[in-house]
Amino acid sequence: MTTDRVKTGIEGFDEMLGGGYIPQTANLIEGAPGTGKTTLGMQFIYNGIVKFNEPGLIITFEEFPHQYYHNAASFGWDFNQLEKEGLLKIIMTSPEVTRQDLENVGGIIETQVAQMGVRRVLVDSMTHFERLTQNATDLRQIEYSFINALKREGLTCLLTKESPALLGDAPEGDSEIAFVVDSYAILRYVEIDSAISKAALILKMRGSDHAKEIRQYEIDPQAGFQLKSKFEGQEGILSGNPSRSKVDAFDKAFIE
Amino acid sequence: MTTDRVKTGIEGFDEMLGGGYIPQTANLIEGAPGTGKTTLGMQFIYNGIVKFNEPGLIITFEEFPHQYYHNAASFGWDFNQLEKEGLLKIIMTSPEVTRQDLENVGGIIETQVAQMGVRRVLVDSMTHFERLTQNATDLRQIEYSFINALKREGLTCLLTKESPALLGDAPEGDSEIAFVVDSYAILRYVEIDSAISKAALILKMRGSDHAKEIRQYEIDPQAGFQLKSKFEGQEGILSGNPSRSKVDAFDKAFIE
Amino acid sequence: MTTDRVKTGIEGFDEMLGGGYIPQTANLIEGAPGTGKTTLGMQFIYNGIVKFNEPGLIITFEEFPHQYYHNAASFGWDFNQLEKEGLLKIIMTSPEVTRQDLENVGGIIETQVAQMGVRRVLVDSMTHFERLTQNATDLRQIEYSFINALKREGLTCLLTKESPALLGDAPEGDSEIAFVVDSYAILRYVEIDSAISKAALILKMRGSDHAKEIRQYEIDPQAGFQLKSKFEGQEGILSGNPSRSKVDAFDKAFIE
Amino acid sequence: MTTDRVKTGIEGFDEMLGGGYIPQTANLIEGAPGTGKTTLGMQFIYNGIVKFNEPGLIITFEEFPHQYYHNAASFGWDFNQLEKEGLLKIIMTSPEVTRQDLENVGGIIETQVAQMGVRRVLVDSMTHFERLTQNATDLRQIEYSFINALKREGLTCLLTKESPALLGDAPEGDSEIAFVVDSYAILRYVEIDSAISKAALILKMRGSDHAKEIRQYEIDPQAGFQLKSKFEGQEGILSGNPSRSKVDAFDKAFIE
Amino acid sequence: MTTDRVKTGIEGFDEMLGGGYIPQTANLIEGAPGTGKTTLGMQFIYNGIVKFNEPGLIITFEEFPHQYYHNAASFGWDFNQLEKEGLLKIIMTSPEVTRQDLENVGGIIETQVAQMGVRRVLVDSMTHFERLTQNATDLRQIEYSFINALKREGLTCLLTKESPALLGDAPEGDSEIAFVVDSYAILRYVEIDSAISKAALILKMRGSDHAKEIRQYEIDPQAGFQLKSKFEGQEGILSGNPSRSKVDAFDKAFIE
Amino acid sequence: MTTDRVKTGIEGFDEMLGGGYIPQTANLIEGAPGTGKTTLGMQFIYNGIVKFNEPGLIITFEEFPHQYYHNAASFGWDFNQLEKEGLLKIIMTSPEVTRQDLENVGGIIETQVAQMGVRRVLVDSMTHFERLTQNATDLRQIEYSFINALKREGLTCLLTKESPALLGDAPEGDSEIAFVVDSYAILRYVEIDSAISKAALILKMRGSDHAKEIRQYEIDPQAGFQLKSKFEGQEGILSGNPSRSKVDAFDKAFIE
């Protein structure tokens, strides 16, 4: 069953996803600044090209392509070269232009997909769609249409979303996009033992089983997104300020 | 007494409902993204058809019918075939159109109910009614009229509602629909032992006894909504960040 | 002193009220959906008629009379028959109409009271007055005038009020009606031992002593509102997420 | 030094105030519905008349005089008779009218003070001034002028203020009146041992020492406001949801 | 180094400030009603005159000068006499007038400083500047200009600021003035052992070391602001609802 | 690899940054009033000049240059002299002017950089950009353009940002600037043992590993920003109100 999954190529993360993403789905990654959303997205695209022979597209609404070259290069990924080889395309555009492009026959994205054989797309980030409207219902319809247009092109989509809260959840569900995507992963800062760890969790995955555990991860300056072991003996990890669970604390104090 | 209940056919869940839903009632299921509201609703419709010989209707305000075919198929439920056999009808529409349709004699829904003998309806989701008005009082009257119109057609209704908060309650009661429905169930994410569990609870059920306990459940990729055992030794489950209760913690640490 | 009280006829609840409500007072019952506000109100009216020979009036701003017949019937209370016998009157109206009616000599309510000898009234619910104005001061004056008009008719009033928060208090005091009523009771959901209990508390009662303890209760599908014993060994019940008190936890763990 | 204090005549409360209120000061009592603000105020006026020979004035912005007669009578205080004897005057008015009255020479209040020899005034409640303006700065100036006008008449003022939160503090300081009064007492609900207690605290008292401890009190249906002992072994009383302090809990569990 | 400090003359407080305030700086004191901001300010001015021979100025935006005479007299400080001797000047004005006065050559404040040799100024309170504008940026510029104008006159400034929260921090940083002053002290209510203590803390002091510890203090009816010992064995003092720290609690329970 | 880093010259802090800042990056320092943002920034500029021979620029939107001279002098840094030597330039300007200046060829900043060979810039503070627009999306684009313009000049940027909350996180992510910078450090007040400590943490650093631990620091009146050891045995440091972790507390109480 996992043979037809779209693998991220990130050890452990594909296992959390039950083998990888399901083809032609929209997959959301949400996190605070510095949690590695874009790194995870770049790695999804890079591994797609070099490990699974699937050309990729990056749609960016803020950062210039050279910033991606620069950031990718620090992990040893030569995005500039891949683009020259016709395996990667980075498009800097705006949500407005992208929407219209996808509605037209023969738009840029459709053309790239046809010519390059693009299979994966990173949209960095969905947060920029919020500039299009103040109305939550309109925003949801725009995002839903956009996502479906990408899926109709045959693409497996990784969508990043910025979380406004540093620790724990955002104070209110500021976007309803989590309801319309096919999978939803959250990246969180967690304070443990007077240091900051990072936690990854798959909250939702339509049509597939997935891991329920909260896993530690690091952004390795060489290797990128690296999953570590599950957290142990902590309560309230997703609040960002966990405390050692009582049973574990007693064990540590009296038995060990 | 339970003989005339409208059973969901989900083991354990009917028992929580005191035997099943009461005929011609409106029953609300509320949950965050990925908690399985739609899966529970589809299962209510599917089991109605194949186990209890009750044709069903799905009214959707966002997802296309093929998305339901796709999602249902992953659980082994052939919605496409059921629709061909005249046992299921999926109507993609808008809250505006549906309201008017129900006010007219001979509207689409009334016609379907008459022709197909529909007994159950899934409305996915009530959250889309919020686009009709910014006024909470108007919204409540619209929702109340809509629900009563469905009940007058003789339908037992399962209504989904999206919760904007990932963990715990929504920061404010963003809709008053819970006051006008006949039963109200909530689905919640719960962090326990560094992993995410799911919790189901029946909060309200007019004219019937119902289970008061908070039960674990899973969305099984083959079988759908599956109830598990009651939570044990936890305090604050509905907050999403429970802690092991002190008595239980002492027992675990010193006695076990 | 308790001989002239207006008894609810609910075992234990009258004791909490120091013998029952004081005649010609306005008494508020506030609770979240499913806590049994309306059931308590119907029982106050029903017991008034059948146990204390006091005809009753129900003023509803949303539900149809047949919904009350239906709900009451599930408890074995034949409201339809009582209405035929001239002992009960259910008036479905609007806050606007009711205000005007009470200001006129010979209005409907005044007439009903005179003809039927009505002594008790249930207003279900005061929350609907909030549609009349966005201004908190105006709302308060409207509610105060309405309550006084009912009291001038010689009625003992039970007023329901919806609480927008599922667990614990509403985030802000969304209505000032609690300041103008004569008594104020709150109904709350409480999570204990991984299940949901219900808690009742009399917070305020002008001109009378009343119970200060927080009591458990259930909505029995046959008997209606049923008071149970006081909570024991819990801290923070009214927050909805209590924890076992430390002393009690130590006792349970080490001594029992 | 305490000889020239304006005593409330409430045992224990005068001691908390360092002997009583200071003459010609404005003294604020804030509390949630049912905490007994008005009872305390009536008792201040009643005791002034019958124990200390100081005629009193009650300015009310909502309740009718007969409501005060009624409420006072339940404590055995015959306000109607005192008014006939010229020792008490209850004026039902509006904040607007009162402001203007105090600005005029020979206004009603000034006249009453001169004719009756009024020494004490209860203003019930300052919350109604909030209807005069939406602007916090304007409100403060209005309240400050009003208070000073009363003080210039030689009156010792007890001002009630409604707290919008049932338990704990109001979510924001909704009025700045606490900064301009001479003393500030708060009345709070406190949940202890699964019951509701009431707590009184003097937070501020210009020009005098005062008790810092948080005292329990009850509203006795015969005697009115009655101070009880200090709370013991509790942390977080003013939050409304205190917990037994750890030291006290250990003592109770292991030593007692 | 401490020789050229502007001493408050309050025992312990000058030590917390590293010897006293630095000359020609703006120093903020923030606190809830009753925490003694104005008392501390009056003491700073009074001690300046009688202990350090530095004439003082009090700028008030609300209270009349006689209120300061009255309040000061209760501590035994004869402000009326000091004003007659030309050592103190109390100016009751408005933020608008004060701003203009400071911009003009030969304004009242400049004149007073020149004639009296004023060295210290108390501004009571900065909160009244908030009436000048709803715009946070404009407010900040106004406050910054005002503060600099006072400093250019050679004055060492003590500025009071009202905190809208009774316990703990204000829900949001309602003013940015803390960023523009040279030192920032906060006064807080703290509930400990079922009583209310007061806590003082120096949070910021440009160009100087200062105490980091949280100290208890009292407003003594004779002596004014009196520093007491550091808090001990408490966690979360600044939240207003501290709890005894676990280590301390264990020690108390088992060892003492 | 660390040889080409832009060192702050602050012992320990460069190690936290994996050797120092990366050249031509924008680096954010966020903190409450008094946490030492500006001191850290001045030290970055001062050390750049005297230790690493890199001329520096300070762009200030509020404080006058002489205030920087004064503040720097208290640490023994002679900014006035450095400016005379052409190694430092302090520009007091507005966000509006700075934006335009950077868009023009031959603007002041460009000219200074060319003439002085400026390598480092301190922008104090980015918070003042918020006055330019109420629209979060516009603000983000303005800030992003500004930052990129500075980076195009070849500068390594240290940007300060004011945090509106005294303890813990700001209630909402009031600015999205953290998403667009290359590194993000936060400075926090932390209450421990009844005193206020300060905590520094690097949350994000693009293209580099960095320390994850939360370190104590002090603002030394002679030496400026001084890193201390890691916190130990505390939970919830970033909340500002940590508690001793249970394991640590047990150890302290029973074993030590």
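Letters A, B, C, D, E and F mark the chains as written, and numbering starts fresh at 1 in each.
We take it that a contact is a pair of C-beta atoms (placed from the backbone, for glycine too) under 8 Å apart; a residue touches a chain by one contact, two chains touch by 3 or more.
Just so it is clear, the model here is predicted, and its values are computed rather than measured.
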(message) Starting at subunit C, how many touching-chain steps does it take at least to reach subunit E?
(response) 2
(request) Could you say what rotation angle superposes subunit A on its sequence twin subunit B, using C-alpha positions and rounding to the nearest 5°? (result) 60
(message) For the two copies subunit F and subunit A, is the contact made of the same residues on each side, with over half of the numbers shared, or of different residues?
(response) different
(request) Could you tell me the distance, in whole angstrom, between the mean C-alpha positions of subunit E and subunit F? (result) 29
(request) Averaging only over C-alpha atoms, locate the centres of subunit A and subunit C and give their separation in whole Å. (result) 50
(message) Can you list every residue of subunit A that touches 2 or more other chains, as numbers and ranges?
(response) 171, 243, 246, 250, 254
(request) Sort the chain contact graph into one of these: line, ring, star, complete or other. (result) ring
(request) Name, in rising order, each residue of subunit F that touches subunit E in their complex. (result) 32-34, 62, 70-71, 74, 127-128, 130-131, 162, 164-167, 170-171, 189, 191, 193-197, 220-221, 240-244, 246, 249-250, 252-254
(message) Can you tell me which positions in subunit A touch subunit B when the two form their complex?
(response) 18, 137, 144, 169, 171-173, 176, 178-181, 184, 186, 201, 203-209, 212-214, 230-239, 243, 245-247, 250-251, 254
